[in-house]
Each structure stands twice: as C-alpha cells, then as structure tokens.
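Here you go, one structure.
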Amino acid sequence: MSAVSRQELLIHTIAGLLAGCRSVAVGASSPIPGAGALLARRRAAAETPARRLHVTILGSRRHNAMNSGGVELFDMAAEGRVDAFFLGGGQIDGAANINLVGAGGEYPRMKVRWPGSFGSAYLYHLVPRVILFREEHTRRVMVEKVDFISAAGPRDDGVYRPGGPIGLLTDLCWFDFDRPRRRFVLRSLHPGRTLEEVRDNTGFAFEVAPDLGPTREPDAATLASIRGPVAAELRDAYPRFVDRVFPAAA
Amino acid sequence: MSAVSRQELLIHTIAGLLAGCRSVAVGASSPIPGAGALLARRRAAAETPARRLHVTILGSRRHNAMNSGGVELFDMAAEGRVDAFFLGGGQIDGAANINLVGAGGEYPRMKVRWPGSFGSAYLYHLVPRVILFREEHTRRVMVEKVDFISAAGPRDDGVYRPGGPIGLLTDLCWFDFDRPRRRFVLRSLHPGRTLEEVRDNTGFAFEVAPDLGPTREPDAATLASIRGPVAAELRDAYPRFVDRVFPAAA
Amino acid sequence: MTPDWLLASADALAALVPDGASVAIGTDNSGAPMELARALVRRGTRDLHVVCVPIAGLPVDLLIGAGAVATLETSAITFGEYGTPHRFQAAVARGSLRLFDATCPAIYAALEAGRKDIPFIPLRGLIGSDLLKHRPDWKVQDNPFAAARDPIVLLPAIRPDFALIHADYADRNGHVFIGRRRDAALMAQAARHGALVTVEEVREDVDLMADETTAAAALPAIYARAVAIAERGAWPLGLDERYGIDEAHMAHYGELARSDDGFVRYLDTHVAPRRQAAE
Amino acid sequence: MTPDWLLASADALAALVPDGASVAIGTDNSGAPMELARALVRRGTRDLHVVCVPIAGLPVDLLIGAGAVATLETSAITFGEYGTPHRFQAAVARGSLRLFDATCPAIYAALEAGRKDIPFIPLRGLIGSDLLKHRPDWKVQDNPFAAARDPIVLLPAIRPDFALIHADYADRNGHVFIGRRRDAALMAQAARHGALVTVEEVREDVDLMADETTAAAALPAIYARAVAIAERGAWPLGLDERYGIDEAHMAHYGELARSDDGFVRYLDTHVAPRRQAAE
C-alpha cells in the first residue's frame, strides 16, 4: 500500500474526531470533511451492535438525511440533531473567532471580499462539536485578531450556547480548543511537521500540550477503506475531488 | 325544476357573498359553505376573461390548494392569500363574539362542553371576509353575550386586525355586520320568514336595514349548477351530505 | 437482520414512553396512532401531557378515559361526524384534566418554534379571546419593531418528548412515507426524542430518499426514534387510501364510552388483549 | 386556450417587476432563475432589493454588474468551484451596493416570519458576531420567558415582493414541480405577490396535486404570480437531472466579468439579444 497522503491523514483524523457521533453535517465545498464523515459512518456500521450515523453532505443527493429545504440543517442543529459540523475561515484567530467576510479596509468596503458568513454565526453556537478545518496554515490565515467576526469564539457573555469549537485541524497540526481558557492548545503534529514550523506560521499565541505527539496515521485497513468505498461514496458530491485525489477509485 | 330547498338558498347566498374573491377556504364539517365556494368557482371560471378562484376545503383531497400541512391555511391567511372563510359558533352574540368552547358554569368546568376554538381566534382577525354561518337560529345560539369568547368581534383596541366578519347567515336571514358601530343589521329575510320570527329567535339586539327585503333565490341555471356539477364536486369531501341533499347528483 | 430502528410492536414503542412524558398526537383524519394509544393504555401509562396537533379525537379520548392523561393542550377534541368524545367531556365535567385550550395556529406556531428551538414566537390574532385569560403561559407584548403601539401575543415553544404517528410504510432505511401530511414531520421535528412510528408495513423494495419526488413525501429517518409494524394501526379510524373508518365500531365505542362502566368494558374487550393484526 | 397564469416569456414576467421591487433569489445549485435575471437586465430594471435565499451566485452577480441592484441581503455570494463573482466584488469595492450581510438561518427564519406575516422572530446564535454591528434592523432583547437574563436576537420578517424561481415543469393547473427544493416554496410563500416562475415545459399530462406523493413535491399554483416557459432557463447553471452546468461558459463569464468593459461585452453578446431556446 502506498504512503499516506496529506488528504488521507486529514480524512482519518476527522473520522477519529467524529467518534461516537449519531449525526454529522458537512457544508458545501468540503470534500475532506465529507470523506471523514463517510469513514466515520462505515466505522459506526461496523460496531457491535451496528450503529447508524446520519451523514448529510450539503450539495449531495445521496448523502442527505433531509428533505425540508435549506432551513432544515439549522433547525436540526437547534433541535440537537447535529452532533458535529465543520467551519473554516479566511481568518481564524487565537480566541477561535472566524472571519468569512473579508480582510483589510473598513467594512463593508474591505480590501479583500470573501463570499460571506454562510451559517457560521449560528451553527458555531449550536453544534456541540464544531471542528475548525482549514488546510492553509499560514500567518495570513491564522491571525492574532480577525478583521471581521463572522462567528465569535466562546466567551463569557451569558449567551445561550450549547455549541462551539473543539479544535482546529490544518495541514500542519491539530489544536484542541480549551474552552474555559479560550485558547488553542497544540496537541499533535502531522508527520514531518515541527513545533517550530507551526510557530512560524501561526499569528496567534497558543499553548503546547505537555504530551504533544504526532498525529496518528491510518492503518492499512483504514487506508483501504478511504481509497475504496469512501472515495466511491464521495463521488456523488465531489466527483472532481475524487478524480484528482483518488484516481483509482471505481 | 323543483322548488328551491333550504340548503340551495344558503349555497346560492354564500356564492354571492364570495363574488370577486380569488381564494376561499372552508373549514371541516361545512358542506354548505363548501358548496357555495364551489359554485363561486364555477362562476369565476365563466367570467370573461375566465378567472381562477382557489378553493380549499379542509378534509378534501381534490379541492385543496395546499400541501404543507395544517399550518399552511393559517400562514396563507396571514399572507393575504385567503379572501374569505366561514366561522360558526355554539353561541354568537350581538358584538359578533363567537363561542366554540362551552356554555354554563365556570370555565374550564362548563356545563356543556363543545369541541374547542379551532382556528377561530386567529382567522377571525386575519381573513378580510369572514362569513358567520350557523343554520340554527334560536335564542340558545344567538345570545346577548357569549359565555366564553373563542374569537372576539372587532373592537377598538388598537390590535392589528385586517380581517373580521362581514355578516351572519342563518336559516332565517342574513345580517350585515356594521363594523364601525359593532352591530348586526338585518338585511334580508329568507323566503317565508318574517321580521317577527327573527326578533323572537334572536337573543341580541340588532338593527333593521331601511331597505330590508327578501333573500334572493337562485335562478334556474344556478339551481341546475348546484344540483349537477357542484353537488358532484362536493362529493369528494361530503359524500353523505350529497347523498342526503342531492340524491340525484351523479 | 432486523435494523436497530425497527422494534417488535407498538407495545415495544410504548415502553419507551415514561409516565409524565409529553406526546404530540395529530388529527383523526389520517394516520391517527390508535394502536400506539392502545399500547400506552396496556402499559398503564400515567400523567401524560398530550399536545394535540392542532386538534385530536379518538386516541386522546381513549387515553383520557383510561386515566393516562394529566394535562391536555388542544384546539378541539372532536370525532367529526362520528359521535361525541364522551370521555373528554366527562373528564372536563369532573375537572380531572389540566386543560390548556388553544387555537390551531398557536399550536402550529409553538411547534415551529420548538423545531427551531427558539424560546418563543409571536403570533397575530388571539387578543380579545378568553383563551388568553386562561393561558398564563401566553404573553402579550408590544411589537418592538413597530413605531406605534402594536400589541402581539408571544407563545412559548412546544417541544414534546415524543410525536406519536401512524403511517403507511417505512422504507428499507427507516424513512417513513407521509405524503403531504407535513404535520407529521413538524411534530416529529419538534419532539425532543423524535417520533414513535407505527406503520402498516416495511417496504424493502423502496428507498424514498433516492428520488426527488418521493423524497419530498418522506419523514426522514433521523426524526424517528423507533418504528414498529402495526397492521391496521389506525383502526377503527381510517388511513388514506388503504382503509376507511370503521363506522360500526365508532358507533359501538360511542355507546360504551358514554358511561364509566361501559368504557371499562370497552377497554377489556378491545384494548387490554393485544389486537390481532387480521382483526 | 392559454390559461391566465401562463405568460409568453421570461420577459413578460420581468415586465411585472417594477424598479425598486424586492426579489428573492435562491442558490446556484438548482433552479437558478438565469433567464429571468437576463430578462430583468433587458428590461433595464433598476434599484432592486435582492434577498438571497440564503446565498446566491451567478444571477445576482449578473444583476449587480448590469446596475440593477441597489440593496443586497445575503449570507454569501459564491460560484462555488466555478470561479469568482467579480461584479459583486467590484461593487463592494466601489461601495455602490447597500449591503446587508446576513447568516443563512437568519434569512430563513426571517422568511418564515414573512410567511406567517408575524413582524419578527427570535433566533439563537449570532450574538458576538460583527454582523450584528452592521444590522441596525436586528435587535437584541432579553427572552421574556426566561427566569434569568437570556439575550436573544430578534429579526424583522422578510416579505419580498416576488420570488424568482426556475423549475423543471408546471402541470396543467399551474402547480410547479419543485421536488424537495422547499426553499422555493418558502420564498414563494413569503413573497407578497408570489413567485415568478420559469419552467422548462408545461406538462398537460400531469396533475401534481391529484396524488399524495407528487402533491408533496409541488409548489401549489396559488403561490405563483405567473409562469412562463424558458427552455434551459437556468443556463449556464444546471437544473437537477435535466442538464448540468456549462463549465466552459462559466469560465468565459469569469474572464469577461473580470473587467467593466468585458462585462459590457458579455451583456451585449449573451443577454441583450433574447436567447434562443435551442442554444
């Protein structure tokens, strides 16, 4: 079996973060979280007794537990029927604020304008296990303070908030989010990455777990699962991603 | 053609009250209003140019403009998409308050308990042309003051209320409702009925229109329409009513 | 292998409902959960809080008569043209029910709020009705978006513990066919623990969510806490095109339910023994 | 005889939209009203208030580029994997748009409030976001049903004048097939004057409301202000199973829309002349 790719490591890591979930939703343009959710679904089905994990990939017809329009995802989250979701950001800061609107200049005439906040300002408050996921790990993205808060990190403001981020996954590493202390804690480095590299590329201050270790790689059986059935299932929503990353998938 | 029946007179009168409507809804257990709405629909279709009247008869599958569950009727009414609706009452008083809950004793342990208020407390405020319809015209029903207000008649309370009653149709007569003065005005007597009979059987004070006249009877063409196609269409929702009242309908 | 979502019987579903639970029940017209109601009576369930969506009939009269209901929220209790709900009327006369009289759109709006898990929702109308006098849980407030005084009712959200539903069939993945009966979806979505669903059959040959047309007619499996087969599960009420109402039995019920003794005999005969599917 | 609800073309529908009207437009994924957007540009429509449900893409970029939009409320403008909305970005940079940045569930909830014609609706989340700073129309208030302090956002209802929808077909009664695209129904219901709908075809052989399954997949005719046939009316975007996205044309648009001049050329070539159905 060939070496573990960058994407495979992320997919495997995400599936591990979804352990125990009954229901996972994945936003648009998120093939890696989508694959992670599909892998987690296979694992749940292989438990004894078999456990059903509901996966909804926005934009997919086959992997879609919903039929009441776009509002259903948000209602489901409020109802407590979405255990995990993924959010990214053009900027992410050390207090886990995320920015999907733009950078530089004064709102609304920002220098760089991104698409917009999507559902982040809501789901970030209501989904118990929000996984921040952004492959690019640079000082451009990981900033001290975001230029616009699309969705605020947890704070002590007395606002009803059953949900929030559990951590941040990038191309370099995985950070836990320590909610009481409102800080990221570097928990694992991806194979070949160093603490120095993470420090150089991170604009916010973070802590380092005493037991900082390497991100676990998938074993051969998991790799086969990702490259075979998971890649095949993912094709419904992300044909181009599958063609590019898993050209061998049927 | 045989003489005009009690039901046919009411159906004809209701169709006249619906003139110009684009959308009419009819509650459950209301075969006469249902037939009136179906007759009005035929008339609209016969105009030049043909005009579409949307009819929704609750409990009918064929005459149903809706598909989003029971809430849709109420949302439609709020949207301004229901021009006319029918309400009755175990009691109706002279200020057009209606009571669908019960009579005698103290709420909730009333001596007589009726089913309940249904949607009256809402639709009465939002549908511009509410037709009060109650066949039984006695002092038991037409009371000075209802024992329980399920839905309040229009009042000067500054509450948002685009809707309200336009009048009251019974087995004896038609009253207009004079909204500014909050009183019923006797406008027409059904054939064979007298002012004295109405006074004897009405527990609330009402006015008498200077031009009080007889309720207009349907002409031969209208009667044929009621007995033929309208009765046939009504069968979907009210098979037993049609069998009883229009045994000749195909 | 039996999937994890499919239980053996309506009684197995009823066993999931603890005393004191709140349950949502729809109208008699289509998909009334009669076998579930009988199973709740057999279990000896007590202190239910029943929310009718937005009105109800036979299953609720039965539960009230059997002493299973402590609190009733409804816009009406009616059998339509099929008689009088004597057990409801007797309980009202005795004052043995905590009664929350409502109006249909208020129950719908409160369930919609429940589905969004927002704490309350405003609704037009209602002001001037005596319903408000007896609903301390409903508040009248000024619309904060209006320039002038604009009183409006605020309703607290309703989130029942379970929705009780009978439906035509479940597909092989546990999605339930409900057609355009969107009330069933609303109830199930608003329910904290989802719907307890009895179905006439499980259709292994169908995957409702695979097609855009049939997907629109489904209650997605995620909203069903569990499903069980109960043939003729709406009996003596009807179910869509599958079977009509059993008018003779409705008359029989109406006669027996007129008295306390008669109702006990009805329970002994028609509820206590597990009904056979072919009945 | 042509029924009263069926107009001759998308241009006839666009003629119903006055300058300054508010219109709701859905996502690019399915049923984007491209031909309607082109018809609005041809009409020289001005000062539109566009509400994206809850995000939008190509039709809105086109309308912005053509100078038809004064106010934009959206949770995002994106072409997904098919390029960059240059006209939107240019308008933001120039400050030529009145921009109401939102978040998807807020747009949905406000439309649901519009559909109920309630003046406002509460929604969880949002507090702490900078979106609130720039939305003076959103209020934060204490939940009056909570014992302790419980701040919550109140959103004013959205009732657009029209919803703009492209769909697969209308049946012979003017009911429109939307499958499980319930966003189209929500938009149409919330719209004061209903939906302007283009369809690929009118199917005289179909009566969607006659069957419980297909009824669930319909937008009832009462919500459609008018319908017109526009074959390939979502082009260059795709429509469900009927046709896929025209990637080459998306790339072409992306190239031309990068500059003001290029965009004018695009309009001259692809929008000003009425597109032929067979294109």
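Every chain is named by a letter (A, B, C and D) in the order it is written, and numbering of its residues begins at 1.
The rule is simple: a residue touches a chain if its C-beta (ideal position, glycine included) is under 8 Å from a C-beta of that chain, and two chains touch if they have at least 3 such contacts.
Being a predicted model, the structure only gives us computed values, none of them experimental.
Touching chain A and chain C at once are the following chains: D.
When the interfaces B-C and B-D are ranked by C-beta pairs in contact, the top one is B-C. Chain C and chain D, compared by their mean Cα positions, are separated by 37 Å. Inter-chain spacing, taken between the CA centroids of chain A and chain D, is 29 Å.
Rounded to whole angstrom units, the spacing between the C-alpha centres of chain B and chain D is 39. Touching of two or more other chains is recorded for residues 67-68, 74, 78, 126 of chain A. In chain D, the positions touching at least two other chains are 109, 112, 116-118, 123-124, 150, 152, 180, 182, 185, 212, 215-216. Chains touching one another form the pairs A-C, A-D, B-C, B-D, C-D. For chain B in complex with chain D, the touching residues are 23, 49-52, 54, 61-62, 64-68, 74-76, 78-81, 126.
Chain D makes touch with chain B in their complex at residues 3-5, 115-118, 185, 189-190, 192, 209-210, 212, 215-216, 218, 220-223. Interface residues of chain C, counted against chain B in their complex, comprise 27, 29, 53-55, 74-78, 80-81, 85, 88-89, 92-95, 97, 99, 101-106, 108-109, 112, 123-131, 134, 149-152, 180-183, 185-186.
By the touch criterion stated above, chain D contacts chain C in their complex at residues 109, 112, 116-124, 139, 141, 143-146, 150, 152, 154, 156, 177-180, 182, 212-217, 240-241. Those residues of chain A whose C-beta lies close enough to touch chain D in the complex are 28-29, 59, 67-72, 74, 78, 100-102, 107-110, 113, 115-126, 148-153, 155, 157-160, 240.
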